[in-house]
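What follows is a group of structures, each given as structure tokens.
Two complexes are shown next, each including chain A; its partner changes from chain B in the first to chain C in the second.
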Partner chain A sequence: MTGVVLRWLRRNLFGNPFDTALSLVVIPVLAWAAYAFAYWILVEAHWEVIRGSLKVLMTGIYPTDQLWRAWFSVATLCAMFGAGLGLAVRPTRTALTIVALAGTLMAAIVANVIDVPSGMLTTASASLGVAAWIGVDHSALGHRIALPGLLVGVVAIFVVLSPPGFEVWGGLLLSIVLTIAVSILTLPFGILLALGRQSRIASLRVISTAYIETMRSVPLILVIYWIWIIVPLLAPDTSVPGLLRGMAGFALFFAAYVAEYVRSGLQAVPKGQIEAARSLAMSSWTVNVDIVLPQALRVVIPSLVGQILDIFNGATLVFIIGLTDFLRAGQMILADPQNSGRTYEIYVFLFAVYFTIGGAITYASRRLETHLAKGSR
Partner chain B sequence: MTTQITEYHHMPLARRRLLIASRWLVQAAIMTVAAGLVMWLGFAVREALARKGIQFSFGYLGNAANFSLSEGLVPSLDDIQSILEPFSPSHSNLQALLAGLWNSLKVALSAIVLCTLFGTMVGIGRLSTNWLVRNLSFGLVEGVRNTPLLIQIVFWYFAVVLSFPPANAASNWFGGLLVSRAGVFLPGLAISESSGLASWGLLAAAFASAATAIVLQALRLRLILLAVTACALIATAVVGFPLAFDLPSATRFGARGGIALSPEMTALLLAIVVNSSAYVAEIVRGAIDALPKGQWEASASLGLSRSHTLRDIILPQVFRIVLPSLANRYISLTKDTSLGIAIGYPDLFNVYGTVSNQTGRNLEGVVIVMLTYLTLSWIISACVNAVNARVNAPGGVR
Partner chain C sequence: MNAIELPTATMSRSVIVSMARVNKSFGTFHVLKDVDLDVGRGEVVVIIGASGSGKSTLIRCVNGLEMYQSGRLTVDGFNMPTEADRAIGGEKELASIRKGVGMVFQQFNLFPHMSAIDNVAIAPIRVRGRKPNEAKATALRLLERVGLRDHAQKFPGQLSGGQQQRVAIARSLAMEPHIMLFDEPTSALDPEMVGEVLDVMRELAREGMTMIIVTHEMGFAREVADRVVYIDHGRILEIGTPVDIFDCPTHERTRTFLSRVLRH
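The block that comes next holds the complex of A and B.
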């Protein structure tokens, strides 16, 4: 056993003089940093601030007596996530065990930090997600209704959450709902732009290219801010909620990026396919919708999933139009004088949550890439 | 459609003309709709602004700004002696925007240089034979890429820079670098007392010949020019060097001398450099991975060490491949400077916001800012394309 360890150490850390020198510098620094960080987390940090502000972090200023709406969204999101998972990943026994353990742990933490009913609701949501995963994976019907089901889920979340007013949406819930809605909205617009850029009609090509290139060379924050400003000028009689204006800005911006991904997919479809379809006298519409797009979209699914991460990360910019997303909620808590010394606790928590979600999206994107690559070979 | 094309040459002339005409009509219709949409948007906004009593014009750019910025230099019009001067409220709105542009460029250019260096190092670290270095680099890249840039910026500002020691207890690194809550102060260059026409001329000559030596290809000419550079430098030193190191010295509220970086700029620069380095690292690693394995094996069989192989065989080829990807990264990085508004850094977007809040002129402002960012993107890709063309030309610089 020691022999194996020593051999591993020798090969991986002390293989040559340069590596040895590097290791001798890095190991002590790393050990010290790890010790200091662990000590801070376990001993010095005051985690009560998270417990006290969890409601604000998760839902912002959403009315406390309406929180069942937020719980409904959490359950729906879990079911949607499970259904999406069911389309791509098999629920193997190992995977289910891991999810069950993670769910139980999560529920235990929630029950401990907030209260027991919340813990039970977490368990219920997680179970719903697992049920959707297994259901979609096992039945042909589930497979067929999964994608429309996602749309229905988003609409349901909007309908249930909206009665107290869009202004009170906030926290992590806002970030996630915004991300999902924008990801779905960008798809049709991005596909149209990509087709426009490839069109045989020169003027469509010019317009699509100009739009895509302009959007890609200006900052996201400028687009969001400007759309937010411009909508009330265009429709002076109706008051469009800030959240919807923000979503429009996000969708207009990210559609240009979706268009570029889709275009790369369109280019990956062999020319012969289009020629063959045309020689069968199919119309341009049929060729695009039935032959080209299904193949093109399949290629770009990993990039589009990766793009969800960009949207989620970009969702922090809603502070510019006065919305309280997850990051902003954290900053609001720090603005309270009694929490002024808790900067690191809040930021470490925010980083951890962002990293967990971001890492999961990245992992999903990579898994899909290998999954789809397997099918095409 | 294909049937139309194959039949095209057998068509009667009249039908062919009709087909061409109908295609033109489609084009014209699409262009009209698009132009109409843009015009409708423009007119509707103009109308709405007119109802608020604001006319579309760029005249407001000449008016006094009446607000102050925490930093930023503007080209001065009245004073010939100093070409750049700090922004003050009496300057015009246009000068305010220029000060914002200056601040954006200051961060963007420094970040481009630093993230290329640091990112290449991390990218090589990702492929190190040392397990620890490899995984540390991987962790850094993943951690940075999976969290929003904005939280990184506010973290660097509120949690790192603002917890530096206060100005009167600034920590002094290596005698020349002052780090404090009031900002970071780097040693700079200042004009020394011994500057004269002769010393400046000699220094300029040294620079010119060094620059020519870099551009020229012929080895002998290069050597001669380098010798000229050395001679000119020695002569400058004898006459009296016109520039001297300017070390910052701490005062109660900050420091005097040297190059001062405000706390906001320090945080923004740190955040953007670390963030972009992760992306540059992935670009570099991808390029190294994409090179044929045979390159490593061939140079190993010639007895070259790993570091030698990397420096002389791999990296020169890598930099030929990565330039287009780097250009995209540089453009995103320049756009990312607009997030400085979250920590109160007066970049172009921030100043635009202030100006349009004060004057109500959003439409004009957005046109200016959009065109500026478009131009910046074009300049960056043009520069990188020029370098790319030169590096990839047969017999180009390696």
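The block that comes next holds the complex of A and C.
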């Protein structure tokens, strides 16, 4: 064992004089940085600030007596995530063990930091997710209801969360719900735009192309701001909540990108497929829905999952229309003079959470890519 | 059907495909020049010719995959719309024609995201409005007919070329066509798989299916064709029984072509 390690070290770090010199400089520097960072995390940092502000970070100014609604959302999100996994990844014993360990660790942390009931709720949510994963993977029925189930889940989250008012949604919950809702909304809109761009009807083609190119040539922040301003002008008598206006801006913007991904998928479907379908007297609708889109979407699923990450990271921009997303919640806590010395703690925490979620999405996108590549020989 | 019957004597039975002075161009390239051809019900017509001579284009016109500019083309009692007709909508007529015309492609073009049985059942379900259970039962019978009952649940990627082409034939038959078009059905196959596909086609011909076949398999053409059409640079040069065409071609060009393809 040590032999292997020594050989690896020799070959990769001390292979020639230059490598050796480089290693002698870089390794101590890295070791020192790692030590300093670990020392800061374990000894110097004052993590009570996180414990004290966790509620704000997670849910913003959502009323404390209504937090069960947030917990419902967490459980639903876990179930949706599990169902999504079940469609693509087998729950092998190793995978289940890893998830079980992670869930237990998470629950232990939550029980420690907040209180024991919250820890139990975390455990329950994680178990629900695992159950959905296994259920969807094992049964044909589960497979069939998984996608409609995701839609029902999103609607349920909105219905349950909305009674206290959209303006109190905040924190990580807002970021995640916004991301998921926008991801789902952009899909049908993007597909229609992609089909429109290829349509034989000239007016549809021109409108779709103009829309896509316009959206792709302006910054996201401009679109969000623009929709936020324009909706009250169009509907002066009704007050559309900022959250919904923000979501509309995101959806309108990212639909153009979805359209371009889908278009690349449509182009990847061989012409012979369309000819075969047409020669069987299928209507344009059937050709698109049953033959072309399933093949096209299969190709672009990894990119679409990757785009969820773009939306999630872009969700930080909703602060410009007065919403309190995760990042903004962190800044709000720092605005309290009492916490002014805790900048590093808050930002390290934000970084860790963003990194974990972003990493998970990237990993899922990779896995999907290999999984789909394996499926279509 | 006997060999003495006159090659052009399609009047004795009803005509299913009738082409009169059909012209087709891709831009400035004139592909089909004044093509006249009648195909009778139950007849097997084989089209031969050098590559680029327009034989694929000819049969692709019969189900409207290619548009023609002038002339008259009727298929199974329907007038095939010309390019100008289709620009102002004529797609409904096209769908009626396609329901009765099956087509088998060189590259099989099976739907890769569906199992063999779903490939066969999808068109009857979506186009003819059959119940999924009935359509699948029919599909299974058709797969049995082409010798692939045991492969019904496999996906195209798991089948050999010959098997895929036989599924493709079953898929066309599921629409209960009155006429079948074959566009070089064995050209993309490994030599050892050509036979299994030709066997299925032979069987179809025996059952009285009307077929228009573009192929380079001259032995097969001689065996199953009622008439052979030689096409050269978009023009039909000769039509006749296999004996006429293969043994005593009248045209110099036909002779050159045959000597080239029959030598090896």
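Note that in this section the second predicted complex is superposed on the first by the 375 of 377 C-alpha atoms of A that agree within 3 Å, B and C clash if a C-alpha of one lies under 4 Å from a C-alpha of the other, contacts with A are read in each partner's own complex, and residues count from 1 in each chain.
The rule is short, and it goes like this: a residue touches a chain if its C-beta (ideal position, glycine included) is under 8 Å from a C-beta of that chain, and two chains touch if they have at least 3 such contacts.
Just so we're clear, the structure is a prediction, and the values are computed from it rather than from any experiment.
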| item | value |
| --- | --- |
| First, second, both or neither for A:Ala281, with chain B first and chain C second | both |
| Chain B versus chain C as contact partner of A:Val240, first or second or both or neither | neither |
| Contacts of A:Gln273 with chain B and chain C, given as first, second, both or neither | second |
| Touched partner set for A:Ile134, first chain B, second chain C, both or neither | neither |
| Which of chain B and chain C A:Ser217 touches, first, second, both or neither | first |
| Which superposed partner A:Ile291 touches (first chain B, second chain C, both, neither) | second |
| Chain A residues touched by each partner, larger count belonging to chain B or chain C | B |
| Overlap of the chain B and chain C footprints on chain A, listed as residue numbers | 275, 278-279, 281 |
| Sites on chain B touched by chain A in the complex | 1-3, 26-27, 30-31, 34, 41, 44-45, 48-49, 51, 128-133, 136, 142-143, 145-151, 154-155, 158-159, 163, 306-307, 331, 335-336, 338-339, 341-342, 349, 353, 362, 366, 369-370, 373-374, 376-378 |
| Sites on chain A touched by chain B in the complex | 12-13, 15-16, 18-19, 22-23, 26-27, 30, 200-204, 207, 214, 217-222, 225-226, 229-230, 233-234, 236, 275, 278-279, 281, 284, 309, 312-317, 319-320, 327, 331, 334, 343-344, 347, 350-351, 354-355, 358-359, 361-362 |
| Chain C partner contacts - residues on chain A that touch it in the complex | 270, 272-273, 275-283, 286, 290-291, 294-295, 298, 376-377 |
| Residue ranges of chain C in contact with chain A within the complex | 63, 65, 95, 98-99, 101-103, 105, 107, 109-113, 122-123, 126-127, 157-158, 168, 171-172, 175 |
